[in-house]
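Order as written gives the chain letters A, B and C; numbering starts at 1 within each chain.
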Amino acid sequence: MRALRSWFIAPSAVLMAVTLAVPLAIVCVYSVLTRGAYGGVEWPWTLENYSRLLDPLYGAIFGQSFGIAAVATGLCLVLGFPLALFIARSGSRKNLYLSLVILPFWTSFLIRTYAWMFLLRDTGLINTLLQALGLIRAPLPMLYNNGAVILGLVYGYLPFAVLPLYATIERLDASLLEAAADLGARPMATLARVTIPLSAPGIRAAAILVFVPCLGTYLTSDLLGGSKTILIGNLVQNQFTASRDWPFGAAISILLIAVAMALLLAVRRQGSELV
Amino acid sequence: MNTGMSIRAKDGFAFYAAAAYAFLYLPLLILAVFSVNASRFTVWQGFSARWYRAMLADHDLLESTANSLIIATASTLLATAIGTLAAYALWKRSSVWLSGSLYLSLVTPEIVTGVSLLAFYQWAFRYLHLQLGMHTVVLAHLSFSVAYVVLVVLARLRTFDPTLEEAALDLGATELGAFRRVTLPYLAPAIAAAAMLAFTVSIDDYVITSLVAGVDSRTLPMVIYAMARRGVNPVLNAVSTVVVVALGALVLISERLRAS
Amino acid sequence: MNRRTFLIGVAATSIHTACARGARLNVYNWSDYIAPDTVANFERESGARVRYGTYESNQEMLAQVMSGNSGWDVVFPSEDFIGPMRDLGLLAPLRHEWLPNLDALDPAFQKPPWDPELRWSVPYMHGSTGILYQKSVVPAPSAWAALWDQKLRGRITMLDDATEVFGACLKKMGRSINSTDAVELIEAKRQAIAQKPLLRAYLNAEVRDQVVAGDVLAAEAWAVTAGQAIAAAPDKLAFAFPEEGYARFADSVTILRESRRVELAHKWINHLLRPEVAASIVSATRTATANGAAQKLLPAEIRENSVLYPSAATLEHGEWFQAQPSASQKLRDRLWTEIKSS
């Protein structure tokens, strides 16, 4: 048992050491260095980057990012679970339906975001149609606000919720569901008290896969939010590009990672580190 | 199989699914419609194939598409293999270090992953006389794809009955044989799903790729982002329509093959 | 040496040689800054090949180039980046004896304030930041203050660039766009936050389509973007150089110190300086060239385009961007974050 497992674990261990451990160590070191005059890092080491983070300005930014990511994740789970259920129960056409969920997401995320901008704009398709039908008189402001950002996030990350949910639901023991039905449970009760609890690993995986990227997003809030709000992702991206303050960007990243790790530990179940 | 659902509930599900698929595909439909619009702007002015012609004449676009496909294929194959093995090993006996680092690779914001990898490459390449290129991009993509694969395969493994493998061993199979002939087939749907996920994240990645791509390894998202930032461009509509149609055909064909 | 070291050495050498074989120039430029045939013509004449890549912002370019090992030979930074790049040791000095076409430059650009002896750079294209607006807006915007007009609420955009937004606010206050004074900068931040509720979004080049479609009534925009928008809808749109003053930018061509094809790079620059070449680029890109001899070769409708080539009197009000010292850069970053999160 031991030998096989060591062989199996070796490639990923090496990969993680090279692409994660070392670069992350570099980021940690950067976070306690000083900003170079035009970017990059310089030697005098300091904790100033972390003390800057105590400012309430950054707390507000973190708070808003968490809020938006949480809403988007919740929506993805609520919308994705019934879809995963449907696919898992479609018999022979399972794989077709699953592929159809993935298919739109093999096109560019950026293009799809632009398509939504076209739909949501004041002179976009939706407003034009609604006005033509006489349902509204002035265009609805559907773009360049937090709602548009959440819509973009849900649209972008729905398959990352559906796939793990499907992978778990697909192999649920059908006899358990039959037993529940035989015992007189109505479909909704079966769903709430049998299916969903049994799909817990898939739900946790889906939640992580959606929440984390949503937390670090910046393209969506730039494009659909009109760049009017600043989320953590924008803040970090700014530090490494426009502001050229790598140490501060590194400090924010370490804090972000720490918070996310804390979240993971909070939802941990016995004997399952990853989900 | 009696799942306890009434006929009406089943219809409700199907209706919901149809609505969900419509939500997913509506933007693509809009893009396709406007890819044959003669006008550059979002005002309909008749049918035209000019944007498709422009797309085929754009050398940059074609080359970056080829680069993207090569990188995505390489990283998907590697990530799926490495990730499946890692998921199995983790299932057998957990490893805090590996799980922790896999989770970290998911949690780190893309911009941070990109910059830290860039810094690492720059330092390493001073001694190795190499430059940024396809290999650096594939390695970067591996760093985040493997975690996705492990997540999906592990979730599936948790619903696998370990006594099946033990039975195989009792019947005289080797460890590797048991894995190959009992566990692996069970995992096949999850592996396929994980591979699709890995391919998706690789082919669509912009942030990390743009930082670690070298002179010769420009990918499709980089070209698209550059074009998109300069305003609405129907050539992009043409590109996305072609991609969706091509992949859709692939999916249908593979489905045919499996069914037969 | 043992076998492994030998093998690694062989591998490294062969990769290295493979890369160096065949003269190839790697050029990294802004997008839409070249004519479709410029590269092909150069390749034909010089016998070398060119790899041509594009970027959208100075920061993007700098992030790649800063390593000193990016693989690019020629890049095109804006004027406020040349000083920093020179100080970081990223630029190679230019040899004027290899640039006989240098005197084709417009006299206004032969001794630019950021590089008076042209030791490191050769000006390529230039432009300004002003107000792009719908002619239906009355009275026609002629000053930055117009972008704070309550009547245009929800239909105004500003550029998504800290230096540009601060530039507009500082000019509105009658100060220099390069101000390092903390009091002035904080007041500029106050102005920007006051304006934010009136804004539709912070947009760069994407604003062009929105103005043409009529979604946006007035936008802080680059002259190049404005020129393209006006060309698409000449009766509806116009561009104004604000009376309080405005920012000017110039993109110059430079050679990176890491380049191993310095002579070929000089040939490329010399080629770009040729009047016919510069003129053909401008005809394709509709930008303003720093090449004086080329300007004479341009078709009248571009040469007399007041958006791209404003009168000398207008140019008086323009101010070049300068690189910010570290302290004021930090303050500006902090204030920009406050503006965005307000």
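Brief remarks follow.
Heads up, the rule we're going with is that a contact is a pair of C-beta atoms (placed from the backbone, for glycine too) under 8 Å apart; a residue touches a chain by one contact, two chains touch by 3 or more.
As the structure is a prediction and not an experimental result, all values here were calculated from the model.
The chain pair B-C and the chain pair A-C differ in C-beta contact count, and the higher one is A-C.
When every chain is reduced to the mean of its CA atoms, the largest separation from chain B belongs to C.
Centroid to centroid, with C-alpha atoms defining each point, chain A and chain B lie 15 Å apart.
For the pair chain A and chain C, the distance between C-alpha centroids works out to 35 Å. Residues of chain A in contact with two or more other chains: 123, 240. Shown for chain B are the residues in touch with two or more other chains, namely 42, 115, 232. Shared contact sites, meaning residues of chain C that touch two or more other chains, fall at 60, 63, 213.
Residues of chain A touching chain C in their complex: 35, 37-40, 57, 60-61, 64, 121-123, 141, 144, 222, 225-230, 234-235, 238-245. Across the complex, chain A is touched by residues 1-6, 9, 13-14, 16-17, 20-21, 23-28, 30-31, 34, 42, 81-83, 85-86, 88-90, 92-113, 115-117, 119-120, 123, 139-140, 142-143, 146, 148, 150-152, 154-156, 158-159, 175-176, 179, 189-190, 192-193, 196-197, 199-200, 203-204, 206-207, 220-221, 224-225, 228, 232, 236-237, 239-240, 243-244, 247-248, 251-252, 254-255, 258-259 of chain B.
The residues of chain C lying in touch with chain B in their complex are 12, 15-16, 19, 26, 31-32, 51, 53-56, 60, 63-64, 67-72, 204-206, 208-209, 212-213, 232.
On the chain C side of its complex with chain A, the touching residues are 57, 59-60, 62-63, 66, 84-85, 87-88, 154, 160-162, 196, 199-203, 210, 213-215, 323, 326, 329-330, 333, 336-338, 340-341.
Chain A meets chain B in the complex at residues 1, 3-5, 7-9, 11-13, 15-24, 26-27, 30, 79, 82-83, 85-87, 89, 92, 95-112, 114-116, 118-119, 123-125, 155, 158-160, 163-164, 166-168, 170-172, 174, 177-178, 180-182, 185-187, 190, 201-202, 205, 208-209, 212-213, 215-216, 218-219, 232-233, 236-237, 240, 246, 249-250, 253, 256-257, 260-261, 264, 271-275.
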